[in-house]
Amino acid sequence: MNETHEAVLLVSCPDREGIVAEYASYMHGHGMNITQVDQSVDAEHGDFRMRMVVESDGRGRDLSTMRQELEERSRTDSTHLHLHLSREPTGVAILCTKEPHCLQDLLQRHESRELGCEIRVVVSNHEILQPVAEFFRIPFVHVPVDPASKEQAESTIQGVLAEHEVDLLVLARYMQILSPGFVRDWDQRIINIHHSFLPAFAGGSPYRQAHQRGVKLVGATAHYVNAELDGGPIIAQDVIACSHRDSVRDLIRKGRDVERTTLARAVRWHVERRLLVQGDRVVVFG
Amino acid sequence: MNETHEAVLLVSCPDREGIVAEYASYMHGHGMNITQVDQSVDAEHGDFRMRMVVESDGRGRDLSTMRQELEERSRTDSTHLHLHLSREPTGVAILCTKEPHCLQDLLQRHESRELGCEIRVVVSNHEILQPVAEFFRIPFVHVPVDPASKEQAESTIQGVLAEHEVDLLVLARYMQILSPGFVRDWDQRIINIHHSFLPAFAGGSPYRQAHQRGVKLVGATAHYVNAELDGGPIIAQDVIACSHRDSVRDLIRKGRDVERTTLARAVRWHVERRLLVQGDRVVVFG
Amino acid sequence: MNETHEAVLLVSCPDREGIVAEYASYMHGHGMNITQVDQSVDAEHGDFRMRMVVESDGRGRDLSTMRQELEERSRTDSTHLHLHLSREPTGVAILCTKEPHCLQDLLQRHESRELGCEIRVVVSNHEILQPVAEFFRIPFVHVPVDPASKEQAESTIQGVLAEHEVDLLVLARYMQILSPGFVRDWDQRIINIHHSFLPAFAGGSPYRQAHQRGVKLVGATAHYVNAELDGGPIIAQDVIACSHRDSVRDLIRKGRDVERTTLARAVRWHVERRLLVQGDRVVVFG
Amino acid sequence: MNETHEAVLLVSCPDREGIVAEYASYMHGHGMNITQVDQSVDAEHGDFRMRMVVESDGRGRDLSTMRQELEERSRTDSTHLHLHLSREPTGVAILCTKEPHCLQDLLQRHESRELGCEIRVVVSNHEILQPVAEFFRIPFVHVPVDPASKEQAESTIQGVLAEHEVDLLVLARYMQILSPGFVRDWDQRIINIHHSFLPAFAGGSPYRQAHQRGVKLVGATAHYVNAELDGGPIIAQDVIACSHRDSVRDLIRKGRDVERTTLARAVRWHVERRLLVQGDRVVVFG
């Protein structure tokens, strides 16, 4: 949907009666027209979740004030609520290492205005991808990482992210493991692409593992990063057929296509506020 | 979703402000809990469409009365509104000819309670599939059709459908073209499976056409039947890979799998009231 | 390919020069026309593998004699060679428990002559699927299994398989684990369908595991059975999309479609002699 | 397969006895080891087709001489034969207009050495994509085309192609129709990507056509260009799901992913000599 919406409301809370009516009436009462709703209840856990897209009817209600009001209401109960204003674009940083395919893909989509965000900086522990960032006129920061300097490096990265007003971190084949503290700071705001169909082949060299097991499909998984390696909530997955003729190198080549489309989809969904984490699972609104 | 809902509300109308709030408040005010909403606006045509699933909170409001009330309200404006009660199961008739795969598939899913409807009768212009219907304990009616007797045959079929209280007709590879009058009577209540990826290869022998054109995928299309042959609004489509090694017979074999899953999906969506025709297009609610 | 071939030659051996020429010349010299070849070399392990389909040019060479001759030649070196004659149909037994979908699917395809084999008997540890077998006029044998009687039950099954001249065992959701001895007897001649994308979710309740992990695709894996539970060489895999809205029951429903098509494909490939196990991997000839 | 082969033999001719044996023996006799064969017969038309990959055993036979010999033999009968030597890389020109996605994708794969060819020049009727070509250090030639100058422009292009020793032309969303004479000169050596699932939606604005028809999948088709617009032999096709929520702009965005992967696959297959045109169909060797 390429609607010219003005705000997206996300609501997550224990289910109770009247929630849809409450927010729909609030929006209507404040001069907002609802153009999209996707709401459901997880019957197993009793979790309510809703995404509501609204646009102003021109009666000029101030969205920031509404947001403040809504957030205050949610403070009094156990509701997680987020009103995202379209006029406040999402600032994105891409972390990468040496492999260009995901970086190039994201920057190209960014240039085609597919992603709906502002990619503000590219950070890498190597210099090899600098020309790619420069071609797309995105600042590139080289932050080398080695075991001894890891803490220092992460602190440098945090500075870069603050400076560029980053809201979302995308790990586009970034071959470093972020420390638990760093991950905690960016909870539900780091998206990683793992080059296997998780939970199969977590950890290193997933294509080699896949080749050895003789699977007939290889896949990729985009997920939020949490403390557990390759264990964060899954956002998107896709697979591609392979055969006995494929060497590990062939799997790597085939997998690249899946990695980049899966990662780009996850980033776009996050930016469009289609994602909501409930427990260990990601709700993907339609 | 296997929620134990009690009713599904479908609303289709020109977009205006406050519709979501209106129906959400109505439901809440009448003791109904909303468990699912899928709503969107077709910006191009200004069409509003919504599916709302509700269940009673036990305060005992009568659903039939609510339906009457809602339908009366919709009469005064240009809203198409439908409240479907779960306690009123959808009666289905399957029309078929000689090919067993779609019939068998639907009856098996029916027996596994996948489809959520009651298949009440199987009608065929041949007798060969009678044992299949009987195995699943579904009444089978043989209505031969030839050019001279077509009008008579359709009249017989109409009688059978009335007798078995049929709401939905499924053409499971039924090799007869229904007359315009018959189609009009069952507007948006006949689902057909065409064995090609429409609009490619409309008409007869689509697998032969596909083979001659050398396509690399063959497909199937489930659609509502209207006056135009293979031209009705598309509900579901799927494809399967094929190659130069495949003969027409191979395409037929491969296509059967796509036909049956695509048709079954369309039937289930109709029964779950996930479908809404707007213009020439079918809205499929999530 | 629906070619009217007469024999399929499978060759597996360490790669060396001249193998293709050797067999092609042998066939040509004995009045056989080659209609299909799929040959490749696994460069990593140095393994040669070839499938060759031949038909007689009518000069009347006896295929059984050829087979004997070829098998004798292969005995002198480390070649695994198999010449399958089309006139000797593959006898198949299906083992199942209570779930009908895979059994029904295989029997229906069998009746449509899709599988190219002769399903000769259905064996089950329950009686519930007897009517399904009977509908398709396939003998049904009830062999109850409990921990105490397992050895006895397997011995009974072996007798049934011998009596019906079975070449291939298909586990169509058979909920018993066969003993190591039994598996050894039927090495590379038992095909199982596991309801997950292996190696993810091996063991019990894979759909429940998948639901808990919040995956976005569920799958099925057809594999040869060996001593390791769910660890045998993989023949075919497929997946279907799922979402946060899907309950475990929904995953079970969606997965059934993948299970039955994946299992049927594996059986057909085995019957058409398109499969060859090399190490832990299955070569699937095109 | 990333085998270090030295030559690929393609054979297309009316089926007769002994062809596989003949070529296999020839290769073996001339010190070539066969590492891959894919051969089949189109039973309907009696067409034989084979792809054979060979590598030298080091006995030093000259491949160019072999090629000459083989080509001479084929001249005496109706065999189409082509021996492609790996040491003679395929020179490729990309023709494009304004849309960057296919160009960027091909150049990136080229840089990752995925395609196995040498992209030698980019030709465009606009200047906008010049920086993309330059980033990847590929010569860019701007050849404006307007109705009056078309003949002149094509002549200029022919000159550019000759100068850069181009063997294959790839139309990466090139928005000009090549003249019949040009197409004839490059018979079976021009690959185009059409942004629909052909034969559906041939001609202009296929995504708009698809949107109007309300299809549930959009696709792309890579095909050889012949005299008939969008009517050439189909090499590769793929599709992606869409829904009623997708505007034409959404379809364009989704379709881009399919276009670029489908086109890249077709180019790679051509370069690897996996393609053979027989009648109106393309044989794709495995």
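We call the chains A, B, C and D, going by the order they appear; numbering starts again at 1 in every chain.
We take it that a residue touches a chain if its C-beta (ideal position, glycine included) is under 8 Å from a C-beta of that chain, and two chains touch if they have at least 3 such contacts.
Please read these numbers as outputs of a predicted model, since none were measured by experiment.
Residue numbering shows that chain B and chain C use the same positions for more than half of their mutual interface. With centres computed as the average of Cα coordinates, no chain lies farther from chain A than C. Chain centres here are Cα averages; for chain B and chain C they lie 36 Å apart. The mean-CA centres of chain B and chain D are about 42 angstrom from one another, to the nearest whole unit. Within chain C, the positions touching two or more other chains are listed as 1-2, 40, 43, 243, 245, 247, 286.
On the chain B side of its complex with chain C, the touching residues are 1-2, 100-101, 104, 108, 111-112, 114, 131, 135, 243, 245-247, 249-250, 253, 256-257, 261, 286.
The part of chain C that touches chain D in the complex is made up of residues 1-3, 17-21, 24-25, 27-29, 33-41, 43, 50, 57, 286.
Residues of chain D that touch chain B in their complex: 40, 42-44, 197-201, 212-217, 219, 233-239, 243-245, 247, 278, 280-284.
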